[in-house]
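Written below as structure tokens is the structure these notes are about.
Note that the chains are named A, B, C and D in the order they appear, and that numbering of residues resets to 1 at the start of each chain.
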């Protein structure tokens, strides 16, 4: 069984040989550890993810970062430059394509060829493995901001080697967060091992004096996941990463929609992560937060999309997120043009600029929501450790098997899939079916009462239809999904 | 009762729509065989053969749909499924494109019905009933 | 001296003769009081402003309303229909052109002719007086929402006669709010008298069973006006209107930018107006609120404009405004196309839809801000009544003369213009120069300390340059206007 | 010291920019004669004659600028002010229009410089210094 223990030098290097052999670009000179370290040491501060985040946190600024990636290097550079210049993005991404995410490098190679022929991207991201480390460095040199790989790759070992050797100073993902929402049948033992490797690589760099930022993917399925569940996963991944020597961690959270719940989530995400890192003896890890603009279905209308993008930006600012992943007005349709992407960025920048000096004031409502999240996270983490007999990696594997950790709407077969969420009358995400979540009766009653209360108000049942209505709601312009009957009545307040 | 196969094609993991489609079609009285996300053309075809299905509803959300669906119709015909209705929906191409054109492209590829982003699945269920009663 | 007393029937009708003679459209049959009442009684509920507002307040919905108006009737109808159909506007406006506002009907007539020739609007609004009551009714019949006149006309007596006789069930304006920000040298005695007439007309209708909605213009100059000053003017106009028999009043407030201050302002606006109406014995007046999206200079960039439009919508919802006047992404440039106008409306609708179930939770910060506003309003109203020896109309005239009421940046020469506002470190609007505002030392110290505190943080002086920086700030993407030096440093958090 | 007349033309009451222009130009060393909002062409011309001004800066924000500025140059010439520089700025036309075209239109009307919405007044002060030193 997998254990949460720092990989030995020996084990790491043995694995490394195999990893680098997975595709031809793995054997490039740039991937020699010494070369990679030298290159990473040469990256100027303004392109160094960890430094830029640290400074933003000190200044209380919420930075903006889009998603973006296309098949060909030149076009990818053009895209990133556009987003920095016309979108005023503070941080740059390179979203990796879905073939690379599934390690299907030869499919990606075909698509690159075809993209060259057709002069347009047939991939939904940048195939960094096929292009190799020097290409990544070319990208970094062409821009003036830090670059991060964003993907959803269960086995991202080769990808991570390549991007870091190419000078990209941040990497998104984790053994849980890039498995459960992004895979169907890969075991958690495997992905946790993959990401121990990736984190160990970052740990090695850290020992050589190079701080690489790591970011667990917060929102998971992005679909009505209660904050305590995403928080617990983020904290577990932060702890696992810290064990391998990671020193800069950005924990993430996707907008749920109720402002109080969202701010409570952002504040507890930071405090709980910091608390647990210290509790387990990881003293010198720098923690920052990332807020994801609404990760569920978007409305078709571009102006309405701009509305939710801007609202999300307000929440990120009020909650003090260090950075924010932005969406575009094309979200419901497809990968955005660079122009649409920049529009989302600029609206976001406007709002974070206006609210730079403002935070959500403390209130009883906020305090109550924070307490609820804390209690739930504590319960989930306790049960995970307990089932792992004190080992967090083992505990994670067993917790998912037992449904103690359970992510709504995940495609993965190793996820129990018994938890069902729905919104209460104020739009907070609550839980309707708990499956095996280890919550006490008090917590369960709180959730159930909140949902019953909404059901009463709407004269309906607490059932799966409520969940479905809530899934559709935002794309229809509301947070709380009214049943068809209520909807018709409410949409037309004017008789 | 009509049997239909649903699933999400290619390296695509978008699971939410798929779960809702299963729920709605079942409620509407279909016998739904859901092969889930990350399904290959082969997975779809095998499921249709095994369950003697009358229609295959392909979802593609992530943008590689056009590549993943190449020769799907031809492969169906080859497998003796030329009578099986082929639907496709989701965000089936990369980026925001003119849907009329996209529809044309997929119809040429042999799909009987092609749905735009966020298409109403209740409506599709009606279409299906109509098509299968012919 | 003018007194706050219901106009006598006799006086009203004598004046009315002269008013209706001001332009040829004043003698139309529709303007016979009986005819107007009959028409107004026939207006269906869904086009009746007061009813729609009442229902929205009960349901806790924030309705949307744009600004819009063009020279020609057909085009005006097309515009309003477009905003209802494609902008999902709940309430429709007819913004009146600036010639009509200055009673220059023959200039307006010329412009109508020229507009017909050139097939485009050469006026910045709908010249309702020139077109007449039947044209107004034609507009109303062509749409399915209530229609309101929005203008800025010091002497709007004929205009008001015409629009109400044309079936429009709401009218914006007031003797102060359509003088001080909209005129240079018209006396308050005159405008208060004009608006007593207009309110008395509405009172007459009320006595006949027809409730017309009246809306004082809240934001005044829209430029850093502290909430207590706009509130006081709104409450005075509400009281003056109630005296003449008005039964449905919508008091307004323009977004200042700090969310806590804005929510505090919205909540106190409603509670104080209700309180003072009752205090002075007007029991059966229905009070609603209107929130104006940012009324100062906008950023040029359309996406950024959408950001502020959406943020404003969030504030309106959180503060529980009954309706909201929306802006468009063209705001900084010129009168918006109908498409741009609808974009602003749809973004607004999205946000109010998402937040329909949410209010800003009570907090100490909110409570403190509300208390400050209440104390200030009480002080201003007390001083106004006092200087008027108990008469509010007389008091108003004298208060402006004495600078006891004083609106920053107003063009009017009867406004003292001694008050200077600036933002504190959190973006709240505070006062830098009090002129003769009758505030006690505690309040003054509070304001000064807040500004000194900001000045310290920014290593600068509290001076007029601070005010200027704050005026420019929003159009440059920030709320608190940094001095050029600080700005350069802060705009680039990444080194 | 150069004397300049500033004001807002027509039935326009936008006062904020006008107050800032007065402040900035005064700081920059101009002798500013501010006739304020709601000013007619006559008001501008009379003020320029009385104060022997070298330039007139017309603001128009509310959208009727084009109509209000008709024959302004001609009227200046008639009043013996053909040497006085004529600037105009603000939101001088109705709606969002291509500025190049708008500039052309106003230049044809005899304005020496035409400024787009939100133009930087500090920059305009520099232009003014240049033009008046010629």
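Here is the rule we use: contacts are C-beta pairs under 8 Å (C-beta built on N, C-alpha and C of every residue); 3 or more make two chains touch, one makes a residue touch a chain.
This structure is a prediction, so every number in the text was calculated from the model and none was measured.
Q: Spelling it out: a chain qualifies if it touches chain A and also touches chain C; which chains qualify?
A: Output, common partners of chain A and chain C: nil, no chain qualifies.
Q: Centroid from C-alpha atoms only, then distance chain C to chain D, rounded to Å. What do you get?
A: Averaging C-alpha atoms per chain gives centres 29 Å apart.
Q: I'd like to verify one number: the distance from the centre of chain B to the centre of chain C, where each centre is the average of its C-alpha atoms, in whole angstrom.
A: About 54 Å, centre to centre.
Q: Roughly how far is chain B from chain D, centre to centre by C-alpha average, rounded to an integer in Å?
A: Chain centroid spacing, chain B to chain D, equals 65 Å.
Q: For chain C, write out the residues touching at least two other chains, lowest number first.
A: Where chain C is concerned, no single residue meets two or more other chains.
Q: Note the residues in chain D that touch 2 or more other chains, in rising order.
A: Residues of chain D touching two or more partner chains: there are none.
Q: Touch graph across the chains, line, ring, star, complete or other?
A: line
Q: Judged by the touch rule stated earlier, which pairs of chains are there in contact?
A: Taking the chains two at a time, the touching pairs are A-B, A-C, C-D.
Q: What part of chain B is in contact with chain A in the complex they form?
A: Touching chain A from chain B are residues 10-16, 19-20, 23, 36-38, 62-64, 66-67, 91, 93-97, 117-118.
Q: Contact residues on chain C for chain D in the complex?
A: 98-99, 101-102, 104, 111, 121-124, 152, 181-185, 221, 223, 296-297, 300, 330, 332-337, 340, 409-411, 464, 468, 471, 475
Q: Quick one: which bits of chain C touch chain A in the complex? Just the residue numbers, please.
A: For this pair, the touching residues of chain C are 45-46, 51-52, 55-56, 59, 61, 63, 90, 145, 257-260, 299, 301-311, 313-314, 318, 342-351, 353-358, 361-366, 425-427, 474, 477-480, 490, 493-495.
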